[in-house]
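Shared between the two complexes below is chain A, which has chain B as its partner in the first and chain C in the second.
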Partner chain A sequence: MGVFRYTRQSFVREVLFIAIALAFCVPWYILLTLSLKTNTQVYFSPLSLPTKGYFRNYSIAWNQSGLGGSMLNSFIITVASVAGLIVVGSLGGYAIARRESKLASGLYFLFVLGIILPFQLAILPTFFIFRHLHLTGGLLGMILLHIGLTTPLSVFLYTGFVRALPREYEEAAQVDGAGFLRTYLRVVFPLLSPVTGTVAVLSSVVIWNDFFVSLIFLFGSTTQTLPLALYSFVSEDVSQYNLIMAAVAITIVPILAFYIFAQRQLIRGFAGGIRG
Partner chain B sequence: MIFDLRTRLGRGSVRRVELARRPRAGGLRRASWLLVVPAAFFLLTLHFIPIVAGGYVAFTDWNGLSTFHWIGLENFRTLIHDPVTRGALVHSVELAGAFFVIVNVLGLALALGLNRTLKTRNVIRSLLFAPAVMSSLSVAFIWQYVFDQSGALNKFLGAVGLQSFQHAWLGDPHWALWTILAVLVWQYTGLVMIIYLAGLQGIPEELIEASAVDGAGMWMRFRRVTFPLLAPAFTISATLTMIFGLRAFEQVLALTGGGPVNASETMATQVWRQAFTFGRFGYGAAIALILTLLMAGVTLTQLVILRGRETQL
Partner chain C sequence: MYPDGTRALSDFNLHIADGEFMVFVGPSGCGKTTALRMVAGLEEITEGEIRIGDELINTVEPRQRDVAMVFQNYALYPHMSVFENIAFPLRARRLSRSEIERRVVHTASLLGLEDLLKRRPRALSGGQRQRVAMGRAIVREPQVFLMDEPLSNLDAKLRVQMRAEITRLQRRLGVTTIYVTHDQVEALTMGDRIVVMRKGVLQQVGPPQELFDRPANLFVASFIGSPVMNMLRATIRSVANGRSFVCCIGDQELALPESFADERPEIRSWIDRDLVVGIRPEHMVDAALDADRHPRLRARAVLVQALGSERLVHFEMPGHPVLTDEVLEVARDADASIAETLEREAKGGTTVSLIARYDTRSSIAVDENAEIAVPAQHLHFFDLGTGAVTAAPESNGRVVVQEAAAASSR
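Showing the complex of A and B:
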C-alpha cells in the first residue's frame, strides 16, 4: 500500500483540488469579465459573462490614466535597480562568504537584520535627505532607493550561494596569473549565475510592484510608477468599476507575462531562495 | 600568460612559475574587503543610520519644517491615549495574528494535498501562487469590487437567496478589517504553499512509507514524521507571513482607506498618514519605532526558537 501511488482516493483529491483552484480564480474571472462590460451590464448582470467584449474600457483607461508612461518608468527603475543590485550584492556577498573572520559573520548578521527591519521608520529621515539632495520626484532617486533597500536580501542570497561554492576555480585562475578583477568577471561571476537569476527575478517582482516607496518619494511629481498611476486613476474615478478593472488588468499584463516566462525560477526563488 | 611560459620553458618549470605567481593569501583577503564597501554603504545609509535618526525623531515634536524639541516620551503617551493610533496598533496585531494562523494552516493543507501524486499539480500550483507575484494594490482593487455594497459578494448572496447575509462589508466597522485579511490570505496562501511544497520535496518518500508500514495512521505520520521535518520551511513561512501581516499597507489603502471611522487603520497606514499627510513627523516616527520594535522582536524571537527546533532534529 504505497502512500504515493495514484489511487481512486487520489482521483477524488484531484477533483477536489480542481474545484479549489477554480474557486480561487473567481477574482480573475471578475477582473476579466467586468473589464469588458458596459456600465449598464456592470449594474444589472455583474456576475455573468459579457455578451460582447466592450474593449473601449481599455482604451479609455489607457488614455485617461497615464499608465503607458508610468509603465516605462517602472520598467527603467526595475531594470536599473536590478542591475545595480546584482553588482553590489554579488561583490558584497562574495567577499563576506570568502572571509571566515568574526567581522564577516557579524556583517552577515547585520545584512540579515536589514532584511527584517521594516522601512517605515527609516523612510522619514531618508525622505528629507533625498529631498535635500533633489532626489525625490525622479527616476535616479527611486533607483538608488531600491538598490539600497534590496541590497540586504541580495547580499544574503549571494553569501549563501558562495559559501557552498568550492574555492578551487578561483584559486586555479589566480594561479594562472589572472588579476582579481579578471578572476571575478571570467570565473566567479559566471559560476554565480543560478543565484544571480534568483536575485534578478525576486527583486524584479518586489521593485516592480512597489507602491509604498513611490507613494512617498514620487507623490505630487510628474514621474509616476505603474502602481502609483493606478492609485491616482482609481481615487479620481471610483464609481466606474469597468474602467477600474480595465486599468487593473493593464497593470497585471506585464507581471503576468513575466510570471509565465520565469515561473520555474520565481517559484524556486520564493520557495527556497529566500533562505539562500 | 602561463600558457606562453609553459610552451617556452617546457613542462618542468611550470611549477616554479606557479609558486612565484601564487598570491599570498593575506594580500588577497585584505583587498577583498573593498568589495563589501558598496553594499555596506547602502546598508548604513538606507537602513541603520536612518533607523537611528528616525528613532531619535520619535522623541521630538518635529513637524518636518521648523526646528524641533526633545519631548521625551510624550509621543508615546499620546499614542497610547489616542484611540486612533491605539486602534491601529491593535488592528495590526489582530490582522497579523489571524493572517499568520490562517495562511499557514491553509498553505500547509494545500501543500500536503498537492504533494506528489496529483496529475494536475503543476497547473494548480501555478494558479494558486500567481497572486503572490502581482502588485498588492492591483489585487486589492479587484477585491474592492468583491466587497462593495453592490459588488460581487452581495450580488452572489442575493442570487442564492442569502439576502440576510448581505453586508456593507467595507463600510461596516466590524467587517472592514476582515476584508483586508481576506485579500491578504488570498494573495499569499499560494506563496506559503510553495514554501511547504519545497520542504515536502526534501522528505524522502521511504521515510513516510516506512512509518505507514509500521502502522502509523495519517495523523500520526504527519505529527511525528512530516511536520518535524518541515521545520526549516515553517521557519521561513512564519517569518515571512508575520512581516507581511504587520506591514499591511496597500490592501488597506485600496480597500477601505483605513475607514470607516478608522476601523481598519494599521500601523503602516498611520505612519504614512501622521507623517506625510498631517506633517506630524515626530509622532509618525514614534508609531514607526513601535512597528519596528514589534516586527524585529517577533521575527527574531521566532527565528531563534524555530532555528533551535530545527537543530534539535
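Showing the complex of A and C:
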C-alpha cells in the first residue's frame, strides 16, 4: 500500500457510505423531531423540523407514564442479570474450554443448542415452574430468567475466547503457588475482559429492551420494566405521538449511553486476542 | 505418555545435585520440555518417581512443589504491572505487605528493573520481559528453577548477554536449575552438566567437555559441536601382521600410529565391521602446517570462509556419506535444507563433504587439492548399525564454542 490517494473511486465510495449512514439516521430524526413538536404539528407537518422545541413533552411523558419507577426496575434487572451472567458464563466457558472430558464437550453442545433453539418453545413450562416457585411478577424471577436465557450465548463466547488463550498464564500462576480461585480471579478473569465487555454490552441491550418475556412473566403485577411502561403508555395515549416519542427517547438514553461508553470493549472482544 | 500410547519419555533416570545447573538439550520434540513440565507438575507422570530433596512429588500439586518456572514466552500477566507480576507468587503465599515490597524491590535491583516496576509487560522490550520473568521466579527463593527455552525469543546479541547473566545469577543464588534448550551452544556454555535427549530417550549425561570429547553415540556426536562433526563411512584393516592398523575411508587409507592399538586395544574387534569415523572440524589440521606428521586425507577444497579468527574450509572427497536417522534428525532440526543436501549426497553416494576449522595461517584456496592432517587420537569410531560409540578418544583440550562459527553453520 502506497500513500492514500483521493480518487474518483474513493469519492463515490464516500458518498455511498454517507447515504447509508443517513438512512440509519432517519428513524432518529423522526423520533427526535416528533418528540419536540406539538400534537397539531405532528399531524400537519410530520417530517419538518420543529419550529420551536416543546421540551415540555418530555416532562409530561415522564409524569404521565410512570417511567421513573419502571426505569429503576429495568436498571436493577439489567445490572443484576449481566453481573450474574458474567459470573456464570465466564466460569462455565472457562471450565468447558479447559476440561478435555466428554462431559465438557457434551455440555458445550447443549449450550450451542440453547442458542439455536427458540426459547419461546419452552416459555410455557418455564412460566408454570416460575409461578409454582413464586418467581413471577418480581425482580428476582426476571433476573434469574434473563441469566438463563443469555447464558448459552455468553458461554459460547467465553469458551471460544478461553480456547484461544494460551495456557501458560494459568500454568505460571499454578507454579507460582496460586490455587484455582486465585488463578481464576487474579489471572484468568482479567485476561477475559475483552469478551466480558462484549457479553456485557450485548446482553444488557437485549435485557434492557426485552418486551416479550417481561410482558408474560410480569403480567398482572405492579412491577414494570421500561418497555412495559411504554407499552401501556402507548395504549392509553395512542394519539399523542409527540409524548410517545418523548417517552421512547427517555427509555433509549441510558442504554445508548452505556453502549457508546462500552463500544470499544465490544469491538475489542469481537476482534479477540490478548497482547502482552 | 500420550493418549495414543507413545511415550513422551522412557527410561529417564537422572540425579541432579543440589545447586547444579543442569541443561536438557535436544532437537524439537525430543521430550525435554515434557521432562521439565513433569518436574513442575504440569504434566502427569504415568510411571516412575520424581523427588525433590527426599520428598516424592509425583502427586504433589504444582503450587506445593516449591519450584519456579520461566516460560518460553515468559507468560507475564499482561494486566499487571512489573511489580505485581513479581509480587504474584508472594501474594499467593500470603506474605505481609511490607515483606512483599521488600523482596520485590530487592529482586528488581538484582535484575536492574528498579525503574520499570510500574510499567506493564506490553511496554517492555524483549530483554526486559525476560528479566521480569526471571524476577518472578527468583523472588520466591524456590528449591528449583525450571527454565523452558527462556532465551529463544531474544535476538542473537541479547541472547549471548542474557546467557551470561543467567549463569552468573544462578551461581550467585546457588539454586538447583533445570534449563531446557535446543541450542547446543547455549547448553555447552551454561550447563554444569548436560543431558542430551532424543525421542524421549536420554542419550548421554555429562559435563560439556565430556560430551564434546567423548560422545556416547552418533546422535550426541552430531548434535554437540559446531560446525558439526564430520562423519565418514570407514572400515578398519590390520596390516603388518596385526601390529598396526589402517582406517579405510573411500579409496583412501588413514594409517593409524602403532601407539593407537596400545591405547585402544579393542580395535582388533572392529576389523572389517561397518564403522563411522567422526572427526571434529577443530581437530583437522592443514597438512602444510602440520609438524607432527599425522595421518592424512586428500580432499579438494570447495569453499573457504574466512572468519577473521579462523578459516572454515569445506572439502569434498570420494567416499560414502553417513546418513543415519540420527544425523538426519540433527540436520533437519538445524535447517531442513541441510537435510535435503545430505540426502541428495547420499543418493549419489560417491563424494562426502568435510568441514575443517583451520588456523588463519592456512593458505588453502578454493579448488585446491590439499592434504588434511588428522590426529588419530581425536578420531571417534561408531558402529554404523547401532550408532553407539565403539571406543571413545581420550579427553583433552577445552571446548571452543564460537558464535561466528555457530552462526555460519546454521
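Throughout what follows, the second predicted complex is superposed on the first by the 254 of 276 C-alpha atoms of A that agree within 3 Å, B and C clash if a C-alpha of one lies under 4 Å from a C-alpha of the other, contacts with A are read in each partner's own complex, and residues count from 1 in each chain.
By our rule, a contact is a pair of C-beta atoms (placed from the backbone, for glycine too) under 8 Å apart; a residue touches a chain by one contact, two chains touch by 3 or more.
Being a predicted model, the structure only gives us computed values, none of them experimental.
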item	value
Contacts of A:L135 with chain B and chain C, given as first, second, both or neither	neither
Touched partner set for A:E168, first chain B, second chain C, both or neither	second
Contacts of A:I86 with chain B and chain C, given as first, second, both or neither	neither
First, second, both or neither for A:G177, with chain B first and chain C second	both
First, second, both or neither for A:L36, with chain B first and chain C second	neither
Which superposed partner A:R99 touches (first chain B, second chain C, both, neither)	first
Touching partner for A:P27 - first (chain B), second (chain C), both, neither	first
Of chain B and chain C, the chain that contacts the larger number of chain A residues	B
Partner chain(s) touched by A:I143 [first = chain B, second = chain C, both, neither]	neither
Which superposed partner A:L157 touches (first chain B, second chain C, both, neither)	neither
Chain C-contacting residues of chain A that also contact chain B	174-177, 274-275
Contacting residues of chain B [partner chain A, same complex]	1-2, 18, 21-23, 28-29, 31-36, 38-40, 42-43, 45-51, 53-55, 57-58, 64, 110, 113-114, 116-121, 123-139, 141-146, 148, 150-152, 155-156, 159, 186, 191, 194-195, 197-198, 205, 208-209, 212, 221, 232, 236, 239-240, 243, 246-247, 249-250, 253-254, 267-268, 271-272, 275-276, 281, 284-285, 288-289, 291-292, 295-296, 299-300
Residues on chain A engaged by chain B in the complex (per definition of touch)	1-6, 10, 13-14, 16-18, 20-21, 24-28, 30-31, 34, 43, 46-47, 87-89, 91-96, 98-99, 107, 110-111, 113-114, 116-118, 120-129, 145, 147-149, 151-152, 154-155, 174-177, 180, 205, 208-209, 211-212, 215-216, 219, 226-227, 230-231, 234, 241, 244-245, 248, 251-252, 255-256, 258-259, 263, 266-268, 270-272, 274-275
Of all residues in chain A, those that touch chain C in their complex	166, 168-169, 171-179, 182, 186-187, 190-191, 193, 274-276
Interface residues, chain C side, partner chain A - complex	40-42, 61-65, 67-69, 71, 73, 75-79, 88-89, 92-93, 120-122, 136, 140, 146
